[in-house]
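Two complexes are shown next, each including subunit A; its partner changes from subunit B in the first to subunit C in the second.
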Partner chain A sequence: MVMAENREAEIDKNDNLYLGIDVGSVSTKFAIINDNMELIYSTWARSHGSPIKSVQDGFKEMQNDFIDYESQIRAVGTTGSARYLTKALVGGDIAKTEIIAHAVAASYFVPGVRTILEIGGQDSKVILLENGIITDFAMNSICAAGTGSFLDHQAHRLGIPIEEFGDYAKRSKTDVVIAGRCTVFAESDMIHKQQMGHSKEDIIWGLCNSLVRNYLNNVCKGKKLLPPITFQGGVAANDGIRRAFEKHLGQKIIVHKNFLTMGAIGAAMLAREYIEINNIKTKFKGFNVGEMKFTPKAFNCTDCPNQCEITYVEQDDGTIIARWGDRCGKWTL
Partner chain B sequence: MKVTFPHMGNCWPAFKVLCTGVGAEVYLPDPNNVKQLDAGLKHSPEWVCFPFKVTLSNFIEALDEGVDNLVMATDCGPCRFGFYYAVQERILRDLGYDFKMYYLPQGDLLDFKWIKLLKALSEDKSLLNYFRIFRTARLFLMKSQLIQTVEKLEGKIRCYEVNKGDTTHTLNKCIQLIDDANTFNELNKLRKRIKNEFDKIEINKRDNNEILKVGLSGEIQVTLDPFVNHDIKRKLGELGCEVHMNLSLYDWIKHKFHVNFHRKYLEYLNKSQKNIGGLQMDIGGEAFWVMGEYIDYAQRGFDGFVHIYPFTCMPEITAKSILTKWYGNKYFDIPPIFFGFDEHSGEAGLITRLESYVDLLKNKKEKKNNGNGRK
Partner chain C sequence: MIVIKKRIGIPRSLLYYKYFPLWKTFLEELGVEIVLSDRTNSKIIDIGGRYAIDEICIPLKLYYGHVLNLLEKNIDYLFVPRYVSTTIGTYFCPKFLGLPDMVRGTIDNLPPIIEFEVNMQKRPMYLSAYKLGKVLHKSTWQIKKAYEKAIKDYKYFRQLMVDGLSFKKALNVLNSKNRNFKPKKKIIDYVAKIAIIGHGYNVHDSFINMNLINKLNKMKVNVVTLENLPLEIFKNQTVITNTLENYWGNEEEILSAVNYLFETKDIDGIIFICSFCCGPDSLIDEIMARDAKKLKIPYIGLVLDEHSGQAGVITRVEAFVDMIVRKKNNIRIIYKKPTMPIGIINKSEKEVGAEF
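Take a look at the complex of A and B:
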């Protein structure tokens, strides 16, 4: 499992701690912040298929360091596409969408931010803010072109590690045009350009440009991107994409040092806010969640011809902690 | 004579009485569902819009059940819908089915071509039959009006319900009641009954400042059919939005009889925004009125506006682009959100966007109410 850990502030015995968990399609992110919004701990790991397992792995990792501080956790927030499942697993207080979480964190760490470009593993989003309030957002709805998974796939095909993508792009000398409308076309264009003898560097830079063009035309269509602009999500690690954005937008693109875990930090902040406003205690189950047994199960509802696939998660004591998958809403817990 | 017609959400009791009223027997296809849709997807052109695929699946199901008379609506409007009945007929014939296709011309109902359809559906060819036809038409209008009432109440009340699911339950019950009533007298009595049924739902009235008022509009089939739009009305309601919707079958019929003054007003609103790109004519779909609704809801101080359309629908996408520009340039202060629907069944993206949108509206409203957001 690829892991990236980050600790910025020391933990104090009297601190209130807030935990944020962001379970996306490709990676799982944890963040713990204190009252002063300092990052105590954050981690990023690739999730391999099962969100339950990745969350539990993350907890096992944290257990060593934080088991003594368990009582100081005041709130737990979850976000990402598996937010409800995670909330049920760990006993979270709120589950908010990644759009809100990213916006909340970015508006705190990058004061006055007006535009957030967020590209993750399976989706890409743009969020527009004004005075710290979201005014508009958009998300890719049809096409996955330009997301992390596609870049990953292409890096693999070209035989270079994804981490070096940015360096390759930097070394490019000429512009190679690659179709960005669709990943299928992009891929066949790339193969063609390779056969024509273009260098890997040029092709990668061309790919960065075409993905940015596609993102700006599809996701940001009709929206005004005002500075300051930040770039978040896994793909922000890719310097080539950042430079391509700067080239196309003619603006400086800020990449905050915590761009990867911004969603998790936002979730922690939202959880803190929620707990404080409503003045309630957290439902957090504790760090031993990593050792509990959760079994995902499924069945087909046969009450109507839709035959929805209902999935549910059973805890070791037999209680069902989450259930969904129905169109009509009668099974959802 | 056994007749079938495609589904459009809860409108089936109205269409049903149109056929039974003149003496035809009706086969009602199962409500749209995943299993049924398979056949429609298999035999539809790839780029056609989703309503085509759904209605085709309804027909295939009915034909497999031995029904041999199909009724499909048509229009002479500027969008592709006008050709659907003809293309569907060819597809079904190519599949080897033997049937007769009737079409309901609704381009302009005041030219009374629909009488021809009703005459064709009834076996009675005497003069007395005209009396039956007009009686049927009136029953159809009454039922569609009642359905409109039910759907409007449903959208407005769901966000207040105490027991989750009560509203959907009442909705289904009322639609069944409308289907069961078949005389003017019964239908007249139903008006009160429906109100009572909805009054029975246990509600938790909240402060006016807390409730988000959202307008819902879009292409008619997509907006009215909960299967096609992934039950977006229910989802919005459960997220705490009061959903207002003017679109309904009755609204559409009134429009085609040239007596829909609300739509005339929406057209006026649109035309009055000429300098910023308001549409000046009907370009097909519901684009013309969707934009009018947007302006109307903005002026009435609503919090949000949801526009839904079939993926690849040209007229609606035109409206979408203009609305995005209007909001971006701050001509109107009401954030629109757009959803295009096609055969996909994954809901994660839809739910993420809906939740974020509702959060956006909440923050915006709180900021308006007390000067600071997110508190």
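Take a look at the complex of A and C:
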């Protein structure tokens, strides 16, 4: 199910194309760029549990439009928490972390960017740059408060679509303080505030503020956030959070129009960089990846007391394209 | 008189990763068979966690696990030294001070514990060793001979690590009885030189740190641990501020090492591994992070516990290495910049950022 598709440039027969795939905890993103860094195609869709299926669905969507241009794909990069799995599935050239991918893409699209706030489905990160070079980053460690999954959950509980969160926040008239230390307590505090008679609008705006406070105090601890500041990742779709950031930072927060697919674009850029520096050919399997059959399997290794759970993915011809989960490394492919 | 049987169990945990080479030679010279617990595995972590109180740090939970693992190995004695202080002016954390009592109070059906105090504030190391020898009913002459050999071996072992060997490799050399081995200076091709700093039991136990050193080596990183640094840097007590002297034993080493790296700058980045709920570590983590920031040396603190998700740690480490490599080689995005400015960019020359 494609939820957001974007095409900015027409494809040319002589173009070199670069594909980036970002498979996160909640959504799967694809981006195709050309040599001039024009966005040929990008898409964002919810993952619905299975990363393999999500990637394949994405390829099925692309197949019709791009099968003729398959030979023009010069490099494929993957990122996100399922980057290694995706790399194995599609024949990617590199797998890089979201942090690097987001930073690389943002440093191109937002020239001079110094601070990237990136909040995704299950992690939140802050990346600091100087002259296009990453100087520092941080990631939420023991707390997932304020990430997309929590907002999704709360929207569902309040009975409003997540897409309308921002509008609700905008209509708020009064500030309501929601305990933001921990999502569990934030939720009980929200219920309490509802029972006290506060409006949904005020509570949602209060929630946005408390999440931003939590993010700034936990993830950005000890960091100096300099402008220009961009806000990326799925949560940037939420205008309430953006406005809360502006309120707390006293700065203009830029949300670039490609904020959702920034990671995928970054992965494509990194793949291009890798191919060009090393002067090699892509390992891309082709757009028919969507049609292939991949079967994930697992077993428990009983060779030592660790009893690692080994998972592997079998392609339809019986070859094992990925295997991991072991601590000692003897199964890893 | 106790008749000393041969098998002494040593948990492969905590200060095993620091003083085992010393006690190994000493005990073997006194005619004792050493039985080590298995390398840390998920079973050891599970049973250790079950016995330990919740608030305790993961290395101590592991210690219980290792002790329980040893109980399956038919040992006659359990070796649990009470480390109080090994350098003048510093002390170990209270959990080390009470370790034999904690083990005794927690686990039933223990064999007799060989317990002796290592406290440099009160007595030099050889007197501690003498006490241990006497527990084993050895003559002063036997003890003296064994201790001299042990010290020689320990120094050799430390030198091997200074010459660049990892803990595991240096221990293998020590086990081989070859005392003339000289590690070859290999010229390896690496993308970055990163120091992994932390307590020996976090850095050298590949289970607890999720095989971090191997993972970094696979990324072509030249890994340095604090044992690989010159010995003389650990001789002087570190001073945190002008007035405040550090008094924690393990942290003393860490601070010395990090200060040395900060001075020489012969490093591309520092990874500090600490265990969740380690009080002293949480303090020095902040101190080191601030100093690193001033010196613009990339620094990251990784907090480990038994619940640590591997994915988060790996993402952080990969990003850290990538950040360093890109910084080092000055890799910027070289394609032509977009002609249309996208979004509104606040072009103030003053640095008006908010600090957290």
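Worth pointing out:
Criterion: the second predicted complex is superposed on the first by the 332 of 333 C-alpha atoms of A that agree within 3 Å, B and C clash if a C-alpha of one lies under 4 Å from a C-alpha of the other, contacts with A are read in each partner's own complex, and residues count from 1 in each chain.
Criterion: contacts are C-beta pairs under 8 Å (C-beta built on N, C-alpha and C of every residue); 3 or more make two chains touch, one makes a residue touch a chain.
Note that the structure is a prediction, hence the values are computed from the model and not measured.
In the three-chain model built by superposing on subunit A, subunit B clashes with subunit C.
In the superposition on chain A, contact is made by A:Lys96 with both subunit B and subunit C.
Using the contact criterion defined above for the overlaid structures, shared-chain residue A:Thr28 touches neither subunit B nor subunit C, since it reaches no partner. In the superposition on chain A, contact of A:Gly132 is made with both subunit B and subunit C. Counting the residues of subunit A touched by each of subunit B and subunit C gives the higher count for C. After overlaying the two complexes on the shared chain, residue contacts for A:Arg327 are found with subunit B and with subunit C alike.
Of the two partner chains placed by the overlay, neither subunit B nor subunit C lies in contact with A:Ser172.
Counting contacts as defined above, subunit A residues 81, 96-100, 104, 123, 131-137, 139, 141-142, 221-224, 273, 304-307, 327, 329 meet subunit B in one complex and subunit C in the other. Listing the residues of subunit A that touch subunit B in their complex gives 81, 96-100, 104, 123, 131-137, 139, 141-142, 221-224, 273, 277, 304-307, 327-330. Those residues of subunit A that touch subunit C in the complex are listed here as 36-37, 81, 96-100, 104, 107-112, 114-115, 123, 131-137, 139, 141-142, 216-217, 220-228, 230, 248-252, 254-257, 269, 273, 304-307, 327, 329. Note for the complex: subunit C touches subunit A at residues 38, 41-44, 207, 211, 214, 276, 286, 289-290, 293, 296, 298, 303, 311-312, 315-316, 318-320, 322-323, 326-327, 330-333, 335-338, 341-346, 348, 351-356. For subunit B in complex with subunit A, the residues that touch the partner chain are 30-31, 33-36, 164-165, 168, 227, 230-231, 234, 238, 311, 321, 324-325, 327-329, 335, 339-340, 348-349, 352-353, 355-357, 359-360, 363-364, 367, 373-375.
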